[in-house]
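Got a structure here, written out as structure tokens. Questions coming.
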């Protein structure tokens, strides 16, 4: 820090932040009040880097906003005190609060991409802050701004740009630099990397960690990902349903978690490189088992299999030399080559992982296979059908055999339709079942995806279901037409960690019992290890590595695969390092 | 409020059981709850309800026949004629009461018709892609920028004395574009949602996707544009009548003001004759605008949450 | 630059479409102007074939194919030669329009911009002070005023300020005793005559701009960059103006362009009430006198003015939003 802060030199003990019995309530008109933060107490020493972990709805972000006094109605603090540097910030008037944001507490928001004013240059963002607080002399402002963006590993030329001209990762770095320009004693990072791509996430986290060490601010890292937090911080607070259920050193939490909830969270982490990968509710998968081969289709006798309609022949999906070029996003730029000469075959009953960071072309491939888009070059065939030439009628026929599981269960279900309606449509459109048969089929599907009692779930609307339950409905809908191929595009990435294993186990189960072949698209190598036999790594539209999943992950050849593996947060690996 | 039911989804008759109906009814009543919870909207609903009642029971409420010219002319307010009489010797209060019928009829008919057009064009425009969408977009923008009232005046001038139906037709032709634009952008954003793609994967055809998946998610916007269109229609009708471009023999608030101006009510100082019809038009339009404050809050939660701070 | 070129292309295309619409409008209507004129005469007695032929010739009943008619119409538009007025024979339509146009352009143009600026400022204040009287007072009175029919506001102002209080003249653009000239006396007189029409348009259109800006700004106030600006301790004024309002003005500007047509329409009614000799008053008289050439030219003039205004708004938008510059 260049300027000196008299407050900081005051030696009044080590404690910077002292939160006592803090409670925050949400009071929306026409809804029951929700106690989002419930009687929370903790203290923070100067220079500490503390993680605040919880799943969605745990109240962790609400707590972060309360600590920085940024909360807005309908949220309201309804109890407790927050002592920052000895004084209660709940009593600060607006102007004192504003001025003490310089040299006090700063916050980096979750959606860093939207945290910048689209009509102001980056330079103006810095100047606004310098003008507001006057802590940097006019003559030094330009140099200081350049110094700050360099600290977050950006080139000073970004100062002249508008936010819309920067990538998501760059924008998040800019907002970190802006928060840093306040020379704060406390920095609160609210899910600073969640909206970013995996590899970018990793790089931004590295920057945050090294800044914390070099600038020596006290920091709170709010995240849903215990793995990330354990890797970055020295101490972790675990939050569950508005309360802090565990507060301890990162190492202790890793080795001796005290709370059941923490233990449950921890159990969902594993190293995709390990010999044996095991998650709760998931059978252990040994490496080297059935290398390169696909499992035999399940034999008749299973209830679900009996209901299958008779099929002409099992058909493979063949992708042959496919390229896809999109027109340039803006005039004067180069066309975007999303896929470049990709070939592979998805055999009946096979499960194949398609892995890559965002922009690697993996979702484009899904669109080509399902006929949503046409390739620029190359062939996509399903059995003897040329997918690239299908029109409306042919596409409907194709989709009774090739179905899709979507990424976001909150957007994949029409909020106004009941589960029954949602499931009855594909049954009506793509099977011959009518009346009681159709109804029986619907309840079979719900049973298959584990939504019992089926009568109750059939009547529910999406907003009455949890994320995991919604994703099960999405899977049931995909199964309704009794497809041969299931394409799952990041099916668990929007779910809380604790719900992921269940959905993955369901997919695995379906493949074994129904003999559905699975194309599993993901950036998450751990889940790929769990549900697939074979893997294909995509980078910039090209296949850079392929092979048996367990072998590729344990012994990656391509540098890009290695980087993806390194980006997987894994507390257990940390534990091994420690030991 | 009966008008809201009229724009509701053209149900395609496929009886998907009572379940879908209850869920839609539930979401409808939830919507109604949000609207009612808005103080401004509540006032609007009450005012609109009063006008509708007055229009329905006009023959019972009006003291005289509105076209009865047998009274003394240009009377100021008296015990027998609370708001005085016109230059032709008609009772102003009776005319005012019967005038509500025309305004509500025009507002309802023109509002519903132009909203139907807006829904049809807005949804197909939003769902289409490529050149067809560009062409529709150009036409909608053309109708948006061409000034509505002058166009109405010119059309009305060509269609000599077409009466109230002509006025409704002219308002509909010139008034659908705004709603189409609003509904189109919402359609486009819903179209990108996974549940629409999922419906394609469930084997649904385009019309059913548009009307059963997308449209029900826009109910509040459609109701909003209905009230907006009705407000504009009521004001436009009054304007055309005031210019003498409608059928000046009917009793409406616009024609009352037309005759008032032509008979120099300004000079005779009969303020009630000038004041009352205009106030009624303004109050009726206001009631719809106020209801729309509540409807806006349904489709835009940011406009709603602020109420909680009060 | 590409943005401006694109908008210019769209403007030219829209202009052509509007001109063409104006051509087809009378041709789509049942009956012809000549029929209407003859029907008018017929009320006084039977019309002979000779009279009919004379009227049709005088009214320039179109002959030739539709294409030839369209070509000659386009020639008229380009040369601004719209023929001779029926009702004000032998004045040309062009000279009548050019006499009336400045009154409307100045009155409606200045007042509309004034109302927009004023309404936007009030809307910013209302959104920033949401939930206080500074919000509810302008929002409620604004939405009330904007539901007033233009002509009713005009009548009320005319009645009370003109006839009852005699503060303002009741008709015309200047006193009958003065002649148009660039003198202070004339300008003062003209301003006094324009005051009531201006006040009417201002009062009636203000509410819409207030509410539009308020709602747009309430939206931007909920955006993350505003929260982040607050987290960085920027001054309230900076956050309100440079962050929230600066972004809210963009959608509001689009709304301004699209609502212009409505204001221009309203001003026709206002001019009629005040006998203000602008485009609207002329249009009204053309309609009453069934003066079709005049009517058609006036409608075209109004449409083109609104199109130009919209084009200028688009350009302004491009200046204000860096995202269009790429």
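Chains here go by letter, A, B and C, matching the order in which they are written, and residues are numbered from 1 within each.
Quick note on the criterion: a contact is a pair of C-beta atoms (placed from the backbone, for glycine too) under 8 Å apart; a residue touches a chain by one contact, two chains touch by 3 or more.
Since the structure is predicted, the reported quantities are computational estimates derived from the model, not experimental observations.
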item: Chain whose Cα centroid lies at the greatest distance from that of chain C; value: A
item: Result of counting contacting C-beta pairs for B-C and A-B, higher pair; value: B-C
item: Interchain centroid distance [CA atoms averaged], chain A/chain C, Å; value: 52
item: Chain centre separation in whole Å, for chain B relative to chain A (CA means); value: 46
item: Approximate Å spacing (C-alpha centroids) for the pair chain B, chain C; value: 22
item: Residue list for chain B, restricted to those that touch at least two other chains; value: 306, 309
item: Chain A partner contacts - residues on chain B that touch it in the complex; value: 16-17, 19-20, 23-24, 27, 33-34, 37, 193-195, 197-205, 213, 216-217, 304-309
item: Parts of chain B lying in touch with chain C, wherever the complex brings them together; value: 40, 138, 141-142, 144-160, 178, 231, 235, 238-239, 242-245, 257, 261, 266-267, 269, 271, 274-275, 277-278, 281-283, 285-286, 289-290, 293, 296, 300, 302-303, 306, 309-310
item: Residue ranges of chain C in contact with chain B within the complex; value: 13-14, 17-18, 21, 25-26, 29-31, 36, 130-131, 140, 143-144, 146-152, 155-156, 158-159, 162-164, 170, 215, 218-219, 222, 257-258, 260-262, 264-266, 268-269, 272-273, 283-284, 287-288, 290, 295-296, 298-299, 302-303, 306-307, 310
item: Chain A partner contacts - residues on chain C that touch it in the complex; value: 2, 223-225, 227-236, 238, 242-243, 246-247, 250, 320-323, 326
item: Residues of chain A that touch chain B when the two form their complex; value: 27-30, 73-74, 370, 372, 392, 395-396, 399-400, 403-404, 406-408, 411-418, 420-422, 424-426, 429-430, 459, 461, 474, 477-478, 480-481
